[in-house]
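Below is a structure I'd like to ask you about.
Lettered A, B, C and D in written order, each chain numbered from 1.
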Amino acid sequence: MSETVKQGAHKSYLEETGGRKGIFKWILSTDHKRIGLLYLYSIMTWFVIGVALGIMMKLELIAPGKTIMGAQAYNATFTVHGVIMIFLIVIPGLPAVFGNFLLPIQIGAKDVAFPKLNLFSWYIYVAGSILVVASLFAGGGPPDTGWTFYAPYSFKTGTNMLPAVVGAFVLGFSSILTGLNFLVTIHRLRAPGMTFMKMPVFPWTLYGTAWIQLLATPIVGITLLMVLGERIFNIGFFDPAKGGDPILYQHLFWIYSHPAVYIMILPAMGAISEIIPTFSRKTIFGYRFIVISTLAIAFVGYFVWGHHMFTSGMSGTALFTFSILTFIVAIPSAIKVFNWVATMHQGSILLKTPFMWAASFIFVFLIGGLTGLVLGALATNVHVHDTAFVVGHFHFIVFGGTGFAFFGAVHYWFPKIYGRMYDESWAKTGWLIFFIGYLALYGPMLYLGIKGMPRRYFDYLPEYHGPNILSSLGALVMVSGFLIILINLIRSARHGEKAEANPWGGTNLEWQISSPPSLENFDEIPTIDKATYKYD
Amino acid sequence: MAEEKHHIISYQKLLGVLGILIVLTLLSVAITEIELSRWATIAALLIAGIKSTFVLLIFMHLRFDQRIFRVMVGLIIALVLVVIFITMLDFMFR
Amino acid sequence: MSQVHRDDIGSKMGMWLFIFTELLLFGGLFITYAVYRYLHPEAFHLASQELDVPIGTINTIILLISSATIAMSVTAIQQKKKKLSLGLIAATIILAAVFLVNKYFEWGAKFDHGIFPGSEYLDQLGYGDVLFFGLYFFMTGLHAFHIIIGMVVLGFMYVYVKNDRLTHDNFQLLENGGLYWHLVDLIWIFLFPLFYLIA
Amino acid sequence: MYDISPENASNFVAGVDLAFVIILGVSVFFLVAITGVMIYFIRKYRRDKHPKAIQNEGSLKLELIWTIIPLLLVLVMFYFGWMGWKPMKTPPEDAMKVTAIARMWNFKFEYENGKLTDSLYVPVNQPVVLDLKALDVLHSLYIPAFRVKEDMVPGNIKQMWFIPGQVGSYDLFCTEYCGLDHSYMYTGVRVMAEEEFAEWMKDTTATAPAVDESMTPAQQGFEILKSNGCNACHSSDGSKLVGPSYRGIWGETQEVTTAGEKREITVDEEYIRRSIYDPNADIVDGFNKGLMLSYEGLVTEEEIDLIIEYIKSLDE
């Protein structure tokens, strides 16, 4: 960015052990970069479990009738799959991994505002995730309520709902503390000269995300606490037999869980907004509008939760309000998409793996977002609510959105994190196989939903067989792509070629320091005098 | 940091606010005791609102802090109110 | 962290953000309260008469005073009056304890009447009462839990001031502890009319 | 657009499908257009062809265009969504009433003359209102061909209505996850011609479960269990499902919890009857309260005698 940033002659953060040995140099370090990697590794561990559960479901659904598991096992599988994927993986995913690693660097700081709290958040995350995973194995059998824990079923089932709920509650704390840390960091630790409007988009999206984490998570916290109160003390908040209202439970649950979907997507959008300008060698188009739309999504996204409950018998007034707000919140997403494509215009595009992920992100995000519009309209929602169409929608957008951005981000910042390059041709092969499998896996779900196949069905009528076969085969193709990608990354982290400080020609601060960065990131805090993404 | 200049709030002021708060509390009890029907609740909540404003501004120093804090607190309170309002849109028009 | 530059405003901001999460935590309960109160207005009205307004009023005043004492202790430390500051912190903690003792007797009386979550007596009374007392115990219970946390926090502040870890030019932690305490007060300011005063 | 049923299967199909076609049309257009433009840019501005990028900070005019046009489009989508949904809200006065009762994991339909069936029978071209009643947990009644769906919430009776437009049979699913056999909680809708329906409706005898006098009492008992959906939770082979198995309980002592206190009881006729009419009075150890609901009024005393015969027969 400017000449004030010097390449340090220090040891890199990976070599700097702080005098600790073995695993302790990881789990006792308060360096934001190491904590980011701690998250990466723990998330990846759970991710493998989540993927395995997903594949098991697809195998079960390959033919009508029982194939590899019974109804109880299937119910537990999608519940734990959903809980792991949502609470353990995509919510902490990008903010905790890349946010931790990059936020301080990108705003020119040495660390986050509260480094110890940061490490503490990771411990909480691990505790919560262990509780969730333990629910799989402990006493009464894995929970079988769906990740939404809808009352009153969740009070009646005899399965291990408690550990899963407590786990989710604890994870919420981790999320809140991370958000809090980031907010203070962004407000207080920006380098001199870096005004808010000179900040890159990724920190901006983290900023929006952090507010949602801070303000929405407590609601699910208290809801889960009420569920605990209900199960332990029989209070009766949501039990119709005692006058409680199960619909109120849904309100409270979605007041958090809808904004949560924007926790998942905003940082993903941020990562895409980093990748596209870098590989197009071009300033991001409409920076100001991308920033404003980020805040708009975070803000309006808070008020649309009711679109998950259109058939629950809400009042017409509420339906009207929620439906129209849902459509409004789609606009800022659209603005972003248009700006990304406009950034490519007259650029000088280098087709490297991160860019491939970013471009395919736009495609799958469009499908996910546009199917969201079908869901947001009342008439069509009534038809496809709780069918495979919804499952298609959210896999397209959660996993297509967040997942693709995650892979893009991994490849993009890989040289910075490890100081080594991944193997380009394997990475591209993996991407291609993954992408094809992906479309085959989730495309048919949309079709099945329109045909009326309900979700959370362990068995289905024969008329739905065809598309389900395609979908199951797609899952297998995709997983092979995933394995190629994963193996390539793991291998390259150790044996890849040495990377330069700025292999892609990026302009933001993280590219001005050595790869991997030194412990303190900067020898001297830089002074910023230019807008972000400036090429000339 | 250089920008910090701490405002010291005098004991008199704090005690004065405490006095007001106690009077308001008794007032709200009195109002609801003499039964003003539906308005009693609204009045009690209004008084609670005034009381909390005092606590926020004086006890919690908002009046003397950077503007950003006031803005944040205002927005958060508005957010909670809007969320309650939207939820009630469902229940009131069922 | 000691070698890093101290950032009092950052630390205060962290505290405020934390307070926001607490507000929303209770916000979820206020939503629940609003809905059930709307659905069962008469029952809420009648059930609230079971609550003891004098005790509630006294407790409210106790909390208000404690809020004032902790605010004054911040003033005191800024004026380098360490003794006074310590005394005021101690007073706050004692007032908090008195609040809890009152609460204990209040809850105890309810239990003696057979009013507690899941009790049969309550089940007979009907939906509105179950929900009212469910919320009452849950919200005041959670509030009491916050009081206990607040007492622990203030206990630490007492020790810190005593050891001169907190001084007239480095008292942000005490102010943060105070902020937390005011939050507890703030929530009670709303709980009190919502439960005791809906005659 | 999609052919899961005749277009006039119900009066809502047209409105819903119109919304669908409009939203999907706009969506496909944007999907193809944006992807197309993107691919075009990627090819045209590849680095080897276009080595130096031309910088461009943005353009207010473009931003406004691509804010306002989508905004108008989504308002159009909203409008059609709302219009398609609005008629679903208020059933006409003169509609035929049927009560739909959901419990884990079957539906029952009760007609005004007391007739009770497992699948829904309705006359063509006549408005039908369903009173939706859930006994235990959330369920949801979904008839894809009719484009209708509404959650069934315990403690809260809601309504759903439609006018079937064409004679035929359609699927009816439970779409709100409700536990173990959620995926088997489906049945059908039979839309009949008016006269046929009137004929069917008159015949209240055929609804009683097909208890065949020629069967042994135990066999009859089993038929009753089947027709009431008991076997979803209880097995006859000793394996534990949601509830205890019928096998191996007759005459045995069992640990139960009664009003919060543990005690031992012997399984006899009296106990079985109570288990069916007031299942939550004694909770068998290792099982949960509130799952089984009373079958009072659904299973008669005589039927219980037959069930008992069946349970006895398992341990002979």
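We take it that contacts are C-beta pairs under 8 Å (C-beta built on N, C-alpha and C of every residue); 3 or more make two chains touch, one makes a residue touch a chain.
All figures in this text were calculated on a predicted structure; none of them were measured in a lab.
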item: Identity of the most central chain, Cα criterion; value: A
item: Separation of subunit B from subunit C, taking each centre as the mean of its C-alpha atoms, in whole Å; value: 15
item: Centre distance in Å when subunit B and subunit D are each reduced to the mean of their C-alpha atoms; value: 47
item: Gap in Å, rounded to a whole number, between the CA centres of subunit B and subunit A; value: 37
item: For subunit B, residues that touch 2 or more chains besides their own; value: 76, 83, 87, 91-92
item: Multi-chain contact residues (two or more partners), subunit C; value: 7, 9, 13, 20, 24, 27, 31, 35, 39
item: Multi-chain contact residues (two or more partners), subunit D; value: none
item: Listing of all chain pairs that touch each other, if any do; value: A-B, A-C, A-D, B-C
item: Residue ranges of subunit A in contact with subunit B within the complex; value: 187, 215, 247, 251, 255, 302-303, 306, 313-318, 321
item: In the complex, subunit A residues that touch subunit C; value: 110, 113-116, 176, 179-181, 183-184, 187-189, 214-219, 221-223, 225-226, 229, 233-237, 242-245, 248, 251-252, 255
item: Interfacial residue positions of subunit C with respect to subunit A in the complex; value: 1, 4, 7, 9-10, 13-14, 17-18, 20-22, 24-29, 31-32, 35-36, 39-40, 117-118, 123, 126-128, 130-131, 134-135, 137-138, 142
item: Of subunit D, residues touching subunit A in the complex; value: 2, 4, 12, 15-16, 19-20, 23-24, 26-27, 30-31, 34-35, 37-38, 41-42, 45-47, 50-59, 62-63, 66-67, 70-71, 74-75, 77-78, 80-85, 88-89, 136-138, 140, 142, 144-145, 147-151, 153-156, 158, 171, 173-184, 186, 287-291
item: Residues of subunit A touching subunit D in the complex; value: 71-72, 74-75, 144-146, 150, 152-153, 155-158, 240-241, 243, 245-247, 280-283, 285-289, 311-313, 316, 319-320, 323-324, 327-328, 330-331, 334-335, 337-339, 341-342, 344-351, 359, 362-363, 366-367, 370-371, 373-374, 376-383, 385-387, 450-452, 454-461, 535-536
